[in-house]
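So, here come the structures, one by one.
The same subunit A turns up in both complexes below, where it pairs with subunit B and then with subunit C.
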Partner chain A sequence: MTVESTGEAASLSHSRRVFAVLSDHRVLVSLAALAVLPWLLPSQALAVNVLIYGVVVMGYNLLFGYTGLLSFGHAAFFGTGAYLTGIAIGRWGLPWFAAVPLAIMASTMLAALIGTISTRTRGIYFSMVTLALAQLVYYVALQASSFTGGENGLRGFTVDRINLLGWQINFLDPVNKYYVLMAFAALALWVQSRILNSPFGAVIEAIRENEQRARACGYDVERCKLIVFMLSGAISAIGGCMSALHLSIVPLDILHYQTSGMIVMMVLLGGARSFFGPFIGAATFLILEDVVSLWTPHWQIVVGAIFVVFVLFLPKGIWGTLLDVLPFARERR
Partner chain B sequence: MDLSLIIMQLFSGIALGAVLVITALGLTIVFGMLGVVNFAHGALFMIGAYAGLYLASLTGSFWWGLLLAPVLVGAFGMLIEFVLVRRLYGRSIDDPLLLTFGLSYILVEGVRIVFGSDGIPFPTPSQLIGVVDLGVGFFPKYRLFVIALVAVVLLVLWLMLEKTRVGLIVRAGARDPQIMRVLGVDIGKVWLAIFGLGVGLAALGGVLAGPMRSVNPEMGTLVLAEAFVVTVIGGLGSIVGAVVAGLMVGICISMVALFAPEMATIVMFALMAAVLLVRPQGLFGLKGRA
Partner chain C sequence: MSTALLQAEGIGRRFGGFTALEGISVSFAKGELTSIIGPNGAGKSTFFNILSGTLSPSMGTLRFKGRELTGLPQHRFVHQGISRSYQITNIFPDLSVHENVRVAAQAMRVSYDIWRRRADLVELSERADAALTSVGLIGKRGEQAKYLAHGQQRALEIAIALVSEPELLLLDEPTAGMGPEETKEMVALLERLAEKRTVLLVEHKMKMVLGLSQRVIVLHHGRLLADGKPEDIRSNSDVRRVYLGQSEGYG
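So, the complex of A and B:
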């Protein structure tokens, strides 16, 4: 009895140490998990989508999970990243390595603009205002059809090879494509991890826990919210660039309210406030969509119901709940 | 551009605004009382339009649809409060919002299953087809009816809230639910009724909008955004704000549609952004709330 329980305790403290090492190297561990993803999922296409939406949702998680700001307009930054990548390559003839930073910069500027207006409000107002402003972006893209292709979406740009310091990579090959896009995801993961480890990361979590107290501690809460809004938009825009490069078209729907809603659903399914949760959430949502749409075209009713159940009973999502339940993970997140 | 055209367009704007007022009012009353923003409000507006259409064809009369749809959809709203929303009081303010968002998915897809994905025309009631001479020009009868009906509904709501005992409880409950409990009022029942009223108003907006817009499962999305814009401009929780902002947005949209049609869908969002920069709590909102 005693021998057994000390053995158990020893193995528990061992697995706790392993978990601690893993979470200290969360970027590498996440990348390792993403690297084997195409072999775990039923199709290559699904894996690419998990990668892309995972990055978008990760950026969103910075705002919703870590800062506690429930935005309903994140499609604006995802979409702007995609559109600007497409426009820069297709219309201005820029190479991909110029188009991508340009697109990320443009999305960050849009986030600065929307953030300036929306972070003036709090609580429920914030959700409503971000939704409305994202709809504004949607209608602008719809009207400016000479620039964006309007309802038909943006077409006419295809990146077929990626030139990396003289090394030509055939981008049409699905395996190459996945790993090139994973390099973008690696950048996003690294940036996210750095932000969360920085003192600024601690400040945004303080704002989530108690805004008043953070203010009393002398932090400029409004400024921090604006900065995190811009960072979040920038990371999600990386996902937008990936989507444009992957699909070679940008559908108008990328800016739609439904896309914003999907991002919110994914973060909640996976687990807001956890590092890898967004990828779990994106995978869960996309697999659900894939599987359910096999036997009914009305997959949204099933997804909606599952989401409602999560809000009611599993508000921490799959990954967040798992981290709470597993004994060796309980102490740290 | 002659003056009569502008006046006609002004009337169109008021009719458009009247529907916005009713819809936004439902949203704002529920928020003022329960502190919950119903993200399924647009979907329930859409269900109201479908219910009105279905009941009108079932009974053969638009008037039964107009009367019964808000009542039935309102009762359905009470069921939603009782079964789902009620569990989330006391949790984070984001939770009811997320829940109703998920619910809107279910409702929209449910309507697609029952009525199909395509739009359905909503015939104008025969008594209200045609135009009326207003002196400056001819104006559709139906739109005048919408303006008049909304005015009546607003008057009834105002009398109910300001002059009756029930209204007193509602107003006091919005200020301080705790004290109302101490005084022996079952505030849970009041919240149930108010949620039902809010949803009923959304459904009424849906039926009234039916003959003016096409009825399809996606119509709720734009309506939700519009209702948000109106309540943000007017001030969340403010009834006067919803009325003023609703008419303002309606008139603004139809005026811009006259001069620069491509800007019509964009102008209300710009208006909202402008108001937020000057008064983050909205025109009639209380300072602490925003």
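So, the complex of A and C:
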């Protein structure tokens, strides 16, 4: 085995080695790519949205791409992260640095609840249960309007400056805002990468590959699914916090099942099971939406058609396919 | 019986109105290679699934090293020392051969650690390599499991079951779907495995079973028909009637 692996190492081409190094530092590489995003995309607003949805979809990818659980209710965690951030700042008067952890914790607890119920089911039933429970959260937010603002959304919690150890950052400036939000994305990327590299990361992949075998190996599959459901909800909630801070309003639509559907589309466009795919997927979807809605108000028809083409011909998404095609990237993700 | 490793008492299993197993009482001594045979529908797989925790019995008790196992969830069985393979190849197809075995080894140590690096668990990786060496697959460690030949996948599954260092290894038709060459290799592997641990086989290939096992258990219509040494089974008239008579040339 040593003979073979050293032989393989010797034949590893230069580009392969470079790619391997990049892949080992995927958090930094991803951050570098995100740092130049506002200058690559036509507008800053688009870049911020890619950042936010990228984080949400990345959290979702942990559950869907890496564990193989197709949830149709991730809007619940995205939305709860956003609502709780807004409520904690606007109604309870908490500073943002207390509101954000609180919102993430609340979303994780919600994920524990929804996960406990939904992970008892499998396949299409799992998807339907997550969809139904997430819609329940939507209706709670709609009805509890004295608390959430109901149909009008949650308003009145503008964060205009961020105080970082005495250093005042003007949060209304779009460039500042982008880089402050990128710090949240950095946290999310780092946590996701740690999870994927961890022993638990190996367990969820085993569950995706073969649930029965994973159980026969001695893993408590149900508990592992619940844990990954909570972790996934927590990471998606970070995106929710970012969205609330960015928009200074939380629209009720954030909890709607259409948002959940959009998250699923983004991960499939970008490439499930790839580390950076969620950001590519979010960017592709949002750019398509931007461009096509200039021509026609029925942009969903065009985006939907493109989506169908992707599902049929590029099941690994843009990023996943690219990694497959590039010779030096093959066998790595 | 002080030497009994696994003891099954009055095991029965019903599926709705159908009784698949009834009143099976057997015990397995340490270090023995035992085979379970019987015609199709005899209840072999059901019995096997009960012994490995995949199914829980409707009646009866199961004791392993004197400890009651009845009702434990399947994933706990491995931690007690009972590991199994499946009749239809059951591996992690998209993972590398090495990762297939490494992740199985990991189950005995860490499940929920989300913070350490899995690459730092060097000992698990070494144990995986040792298990791959013992089934002759070490040369394939970097390949994706789905690209292995059928016989190699069967061997890989045995490595997965083996890496937890079980005291009792349950193998469900390890030679299913194999040609004569692959079967010969598998038999050699089984003989090596049985030197060090207790092995329980479900098999279809009669000649192979009778040549390999120290003890044979025959099931028929969900009941225990015979239990004894291979030569006794061969001369048992009940067994000849229900099984051997119609398929002596089989396998």
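One rule holds for everything that comes next: the second predicted complex is superposed on the first by the 321 of 333 C-alpha atoms of A that agree within 3 Å, B and C clash if a C-alpha of one lies under 4 Å from a C-alpha of the other, contacts with A are read in each partner's own complex, and residues count from 1 in each chain.
Here, a residue touches a chain if its C-beta (ideal position, glycine included) is under 8 Å from a C-beta of that chain, and two chains touch if they have at least 3 such contacts.
Being a predicted model, the structure only gives us computed values, none of them experimental.
Asker: Subunit A residues in contact: does subunit B have more, or subunit C?
Answerer: Larger number of subunit A residues touched: B.
Asker: Regarding the shared-chain residue A:Gln143, is it in contact with subunit B (first), subunit C (second), both, or neither?
Answerer: A:Gln143: touches subunit B, not subunit C.
Asker: Between subunit B (first) and subunit C (second), which does A:Gln212 come into contact with in this model arrangement: first, second, both, or neither?
Answerer: In the superposition, A:Gln212 touches subunit C alone.
Asker: Is A:Leu41 contacted by the first partner subunit B, the second partner subunit C, both or neither?
Answerer: Neither: A:Leu41 stays clear of subunit B and subunit C.
Asker: Quick check on the superposed pair: does A:Leu70 touch subunit B, subunit C, both, or neither? Answer first, second, both or neither.
Answerer: A:Leu70 sits against subunit B, while subunit C stays out of touch.
Asker: Check whether A:Ile124 is in contact with subunit B, with subunit C, with both or with neither, and answer first, second, both or neither.
Answerer: First partner only.
Asker: Which parts of subunit A are in contact with subunit B and also with subunit C?
Answerer: Touching subunit B and subunit C on subunit A: no residues.
Asker: Which residues of subunit A touch subunit B in the complex?
Answerer: Interface residues on the subunit A side: 70, 72, 117-118, 120-125, 127-129, 131-133, 135-136, 139-140, 142-143, 257-258, 261, 264-265, 268, 298, 300-301, 303-305, 307-308, 311-312, 315.
Asker: Mind pulling up the subunit A residues that touch subunit C in the complex?
Answerer: Going through subunit A, the ones touching subunit C are 1, 4-5, 8, 194-195, 197-203, 205-206, 209-210, 212-221, 223-224, 227, 231.
Asker: Taking the complex as given, what residues does subunit C use to touch subunit A?
Answerer: Spelled out, the residues of subunit C in touch with subunit A are 52, 54, 73-79, 83-84, 86, 90-95, 99, 102-104, 106-119, 121, 129, 138-139, 141-142, 160-161, 164.
Asker: Quick check: in the complex, which residue numbers of subunit B touch subunit A?
Answerer: It is residues 31, 37, 84, 87-88, 91, 93-95, 97-99, 101-106, 108-110, 112-113, 221-222, 224-225, 228-229, 231-232, 236, 262, 265-266, 269-270, 272-273, 276-277, 280, 289-290 of subunit B that touch subunit A.
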